[in-house]
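Just below sit the structures, each encoded as structure tokens.
In what comes next, chain A is part of two complexes: it sits with chain B in the first one and with chain C in the second one.
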Partner chain A sequence: MKQLAFSFDVNRCTGCMACVVSCLDQNDLPGGAVSFRHVTKLEQGTFPSAKISFMSLSCQHCGDAPCLMVCPTGAISKRDEDGVVVVDRNLCVGCYSCVLACPFGAPQFEYGTMTKCDFCHARIDSGMVPACVSVCPTHALGFGPIEELTKATKEKASVTILSSLLTAGSR
Partner chain B sequence: MNNKPALSPEDIRVGKVPLEGSGIEIRKTICDICNPQSHCGIDAYVKDGVVIKVAGTKENLHSAGTLCSKGAASRQYIYNEDRVRTPLMRRGKRGSDDFEPISWDRALEIISSRLIKIKSETGPESVLFYAGYPKWMRPLLKRMAHSFGSPNYMSESSVCSIAQKLGQRLTYGVASGAQPPKAKCLMVWSKNPFYSNTAVARKLTKVIEKGVKIIEVGPLTSHLSKHAHIHLRIRPGTSGALALGLANVIINEGLYDRDFVEKWTEGFDAYRAYVMEFPPSKASEITGVPVDLIEKAARLYATSKPAGLMTGSNPTVHHTNGITNHRLLTALIGLTGNFDIPGGNYVKFPGYLYASNGLVTRQSEFSQSRPWDEMAPRVSQDTFPVWCKMEPEAQAMHIPFQIQSGKPYPIRAMVAFGLNYRMWPGSDFMQKSLKMLDFLVDVELFMTDSAKLADIILPACSSFERSELKFYSSPYVIWTQPVIEPLWESRPDNEIIVDLARRIAPDDSLLGSGHEACIDWMLEPTGLTLAELKKYPGGYPLKDVPQPPYKKYEDGGFKTPSGKMEFTSRILEEFGMDPLPRYVEPKLSPISTPEIYKDYPLILTTGARLPMFVHSRTFRIPWLKGLRPDPMVDINPKDAKERGLSLGDPVSLFTPRGAIQVKANPTELVPPGVVNMFHAYPEADVNTLIEPDYLDPISGFPGFKALLCQVKKLSK
Partner chain C sequence: MKQPGLLILGNGGAAIHAVSAARSAGYEGEINQVSDMEGPAFNPMLSPYYLKGIIPWDRCFPFGADFYFKHDVTCHFGSAVEKLDPVNKKVLLKNGRNISYDNCLIATGARALVPPVPGLNESGRIFTLRTAQSAKRLEEIISSAKKIVVLGASLVALKVTEILRKRGVDVILVVRSGHILRRSAHPVSAVLLQDYFSKQGVDIRLECSLKGLDSYGRGVTCRFPDSIIEEGDFVAVCTGVEPSVEFLEPGQIEMDEAILVDEKMKASVEGLYAAGDVCQGLNLMTGKRELLGLWGNACYQGRIAGLNMAGVVDAVHHGTIPQHVSPFFDWKYGQLGDVHRHGENVRILSGGDPEKEGFYLFVFDDGVLVGVNLINRFQGAGRLKSAIFRKVDFSDLVRGGFCPSYDEIIDRISFICI
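Let's look at the complex of A and B:
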């Protein structure tokens, strides 16, 4: 089974929050508390060596999704074709079990039932890109089958290690 | 995608997928919420005449399909409930928000008869023509002002990008810009394009990943800081002292470009003698930057050729010593031989509305429909003569002073587009001054606090509802076409100008012939026509447009009085000012005013970009306001701790002039001793804390980025 996932490059994320707003626009959400994607800031160290980094996070569409396992009505399911975790709001009874189970704070509640990132699956099925990924000015956000994403990470890491080994060797 | 199940109609509707039969059509426009250096391409998803979603336009060479948070929020901007819907006439007291709807005809008739009457009584110069945001109507507005007979066209650029260009022009005759991809070292001096320009953000990301050496200069931490090889965190307002310290190392270590300096510069001896007074130890003492970092940065910048120097549009010149600072720091470009060379600081031809792509238009000729000597002196002519010599508009910071004094002639009326009085330092003083006018017209998208001061408010269209000519600094031009009908009774600014011009400047046949005729006239030298551009609703990629050569000064010299790069400015000398850029402290600083510093021990810097706001323009957008609901002052955790402050605590931020109540935001964004406050909040306007005359003496730019304040905890 294919598993789609988001990729995120912390070195590229500037905290601009275009992803957050593009998601609100795509999904007609009110914003504020009800938002499928959140950007958080982490500050490390103190002056003069402080660093500020950002993380953009939404539903991770987990392989072994805890929300799905605890849902008493079967409202949450994983799509066979791409592993995207979707919710059928007609079946949701608003019990918040998924909120308790999700380590990422992904489930949101609007009009009493759960809603969350659906990976813009209708766009993906039409060969398009998720709204958040499409607008990201520095391409910090990406998406794809998990095997391809990890392969790309592996290659990038190998090149970094290799170049530092060569630099170290040349000294 | 072959194994995908067929999408259900519900999936298509909910997912807003623009498939055939979905009823969704993608139409191309641009976002003009921020400045003309950006203006990302927009794919508007339109269904039944309504925009239901926006995305970035992939084929737009500038934004390449990306958007920032503001552009992504376009729908809440264009459909905002605060939009002005009809022309309005004031019924109640000025500023009372009591208006009645009137027809366009009646509104234009009232405006023209009032303006013509004022002109006959006190001269056309008594009427000001002001352009705020957006900027697209500026050429037509300036022309209307002059055709009416008034020299007083002015704009928001009085606090935006003009001063940094002026600072460079005093030295080089022209302004130059860094070319990030080609530079081996990039010195980024107080600029955060990650929150202001998607294209530059992407370019800098590439530069970072290529391993180009980056020197960042500026008090605040930005996304760039963690990628910078050296970050020089100066005390706000001390750029000039740092530049002198860098020059001291560069000259003493023989790292400057002797050939260029000998052949192409004037005043080097005086400059060098002055630079010798600023060894790194002294620069360090003034700026707070350690000596070794100053030395390292100087060597890195001077020995990595080509090196680019990139400044923001205004942080280095939003100081009471801004022009001098900016002259000092941009002098490093010539000193190191990086002026107008590949990968250094390149000089482009002026294009159209602040964006250059190689095409040369007749914008200046079009706008200056009457020569200056056939009109009265401009507002600010006596106060900022250098500005008035070098810039084709008045310095708007002087408006409130002349309204109040009536000298040298009375100002009685103003026709404004996108006016925001909170842009002025001492904004309450500007507000009070506007109330003294006999007649104020504001053309606006939204019912703003400034619009409420007007006698007549005219509803403007957003960029989604009209056509405009847009040049990008990438080889790309677009004549946008409306993606939706004008909302309510709103009209495009330029059509409003043409209609008004027909009444108040009937002799101007070109302006009277309409917006499109004016654009075609300006485009004439480019060989492009609107008829041609209209065939490309998504934009027109320019092919084979010749770019200006490098080292243009080799053919005819620099465009300065001496024909050389001037370390000492002949223009300033002509006006009786010191030709040598001598560093002075900000008017309010720990060093210049120790007696004030005693009670106001924090340096206040204002106006740095937040990602979700651009000035006051997006406060009213719920999606964006929700990302940072409260006005907050950024304060270093150390200073916060000393005051017992935690995140969200109510505090008073105050200066000798006034106080605002905001929330505390302890953050390493600011260094100890500095606090940062975003501007223009109606409920906490930091500009009320700044004196109206806290201005640079040469450019008239306000010292927004360095003054003194104190922060005190308030009980909850």
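Let's look at the complex of A and C:
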């Protein structure tokens, strides 16, 4: 089965938040508590060798998604054609099991049911790229079939993300 | 070469995922499945949502009735197992039928335990909440009951209490220990929850045990210490569960509280596997095999057992940690790991208001996160679980007089846990 994935190069991200804003816009989210993509800052070291890094994270559409496994209602599923993890909010009961299962903090709750990044599947089905990827000014964010991403970013920090999503669903 | 025949005892999450995993891995041999219940697999997690009116009855059966046809399973439903013969690899059902197997999964789950209190076991006016039948019975009871005594302070007890209060039934919650959720909640978190339940009209009796029960036509009289007597319509028994293994003879396979299994979900006898609430798998917090009673864990265990029984993949279950999350009225409560850790290197950080930004309680042992309680604050909860799994060291953040915020802890994990 084809598996789409995001790639992320921590050395390129400037923490500009364009990905977060474009995601909010694409998904008509008001901001505040519910956001499908989060940017986290990490400060390391002290002057004169201080370093600041940013990490942009959303649902990673894991190959073996733990949220899907623990969902008691079957509301979460993977699309056969591209491995994108989607949620049927009509089936969600708001039990929060997925929240504990996801190591990326992806599940969000709005009006009592779970919602999250759906890889902008309406856009990719139309031949476009996900909103967050399209606006990233430094090309820190990318996407594509996971085998191609792994090959292209073999020596980059983003490999750690890619490898983690293949194994995330073990517990 | 003829593939071995698989026999699945039980029809819950572990059983379903065992079948699904075996077929997904390409297993084409015969699969027989036995259950004492008729009908498709029931998810006991969902019955509270049905009883609260959130979902219709048919959605308590999330795998559907066509699962067995789609996975080419021969069903033997409506008949319990009478006897297991692991030497000859045969199972005798109560309806007299014999089924042979090469590999057998015991996934018969657990049943509600009724404690040995005088008058309790023989009473017709007690109920539990575990099976589809018990959910239907509770629904009937709610329609007429005015006052119910709930025994126990587990998650199930609190869910039953919430269901009853939401339907206008008066509840006395009888708690044997000093606080509710003795195993999953730190005392600080438990007090917050107790106050909340009290505000919902629940009469909580801490450090209280039922001494005896007198049942009559339309009600019960509960006798407590110090000659205290309470009248009610019914008693809800939510004092724990025991594995459903009545078909096993003593000494037949290695057991503690439940069936002991290795990382491949194998029991101590060749050809036998166990998964779900009937077995004790690895608790990563203690390094011991324990009964954890989690839906997701049962599903994972079933998958691993199914893959190994099918013989097409060598799969391993690495264990898990205690974890729960549950809505109570308008609150959400969660627990991860060990919140009762003691010792001179243990440090507890807590903060927040459940009614505002949400409450958190973190337990660190020598700088390593080992336990979490959350109330109405779940942003990044899965990252906290990852941090416990990976024994992430927060020493620089939590040693000395530093008191990092919830967000600082979560941000730290973002970079470490992927």
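Remarks
In this text, the second predicted complex is superposed on the first by the 154 of 171 C-alpha atoms of A that agree within 3 Å, B and C clash if a C-alpha of one lies under 4 Å from a C-alpha of the other, contacts with A are read in each partner's own complex, and residues count from 1 in each chain.
Heads up, the rule we're going with is that a contact is a pair of C-beta atoms (placed from the backbone, for glycine too) under 8 Å apart; a residue touches a chain by one contact, two chains touch by 3 or more.
These numbers come from a predicted model, not from an experiment.
Upon superposition of the two complexes on chain A, no clash is found between chain B and chain C, which fit side by side.
Contacts of A:P30 after superposition on the shared chain: chain B is touched, whereas chain C is not. In the superposed pair of complexes, A:P48 makes contact with chain B only, with no contact to chain C.
Of the two partner chains placed around the shared chain by superposition, chain C is the only one that A:G74 touches, whereas chain B remains out of contact. In the superposed model, A:E147 lies in contact with neither chain B nor chain C.
Judged by the touch definition given at the top, the superposed model places A:M17 against chain B, while chain C stays out of reach.
Taking all C-alpha atoms of chain B against all those of chain C in the superposed arrangement, the shortest distance found is 8 Å.
Across the two superposed structures, the residue set of chain A contacted by chain B and also by chain C is 53.
Taken together, the chain C residues at the contact with chain A in this complex read 43, 45-46, 49, 54-55, 59, 62-63, 295-296, 299-300, 303, 318-320, 323, 325-327, 332, 334, 336, 378-383, 385-386, 389, 410-412, 414-415, 417-418. Interface of chain A with chain B (complex): residues 11-18, 20-22, 24-26, 30-32, 35, 43, 45-48, 50-53, 81, 120-123, 125-128, 131, 134-139.
Of all residues in chain B, only 1, 3-5, 7, 11-12, 14-17, 19, 53-56, 65-75, 194-195, 198, 201-202, 205, 208, 221, 223, 225-227, 233, 611-612, 622-624, 626-627, 629, 636-638, 667-669, 671-672 touch chain A in the complex they form. Residues 38, 40-42, 53, 55, 57, 66, 69-70, 72-74, 91, 93-97, 99-107, 109, 160-161, 164, 170-171 of chain A touch chain C in their complex.
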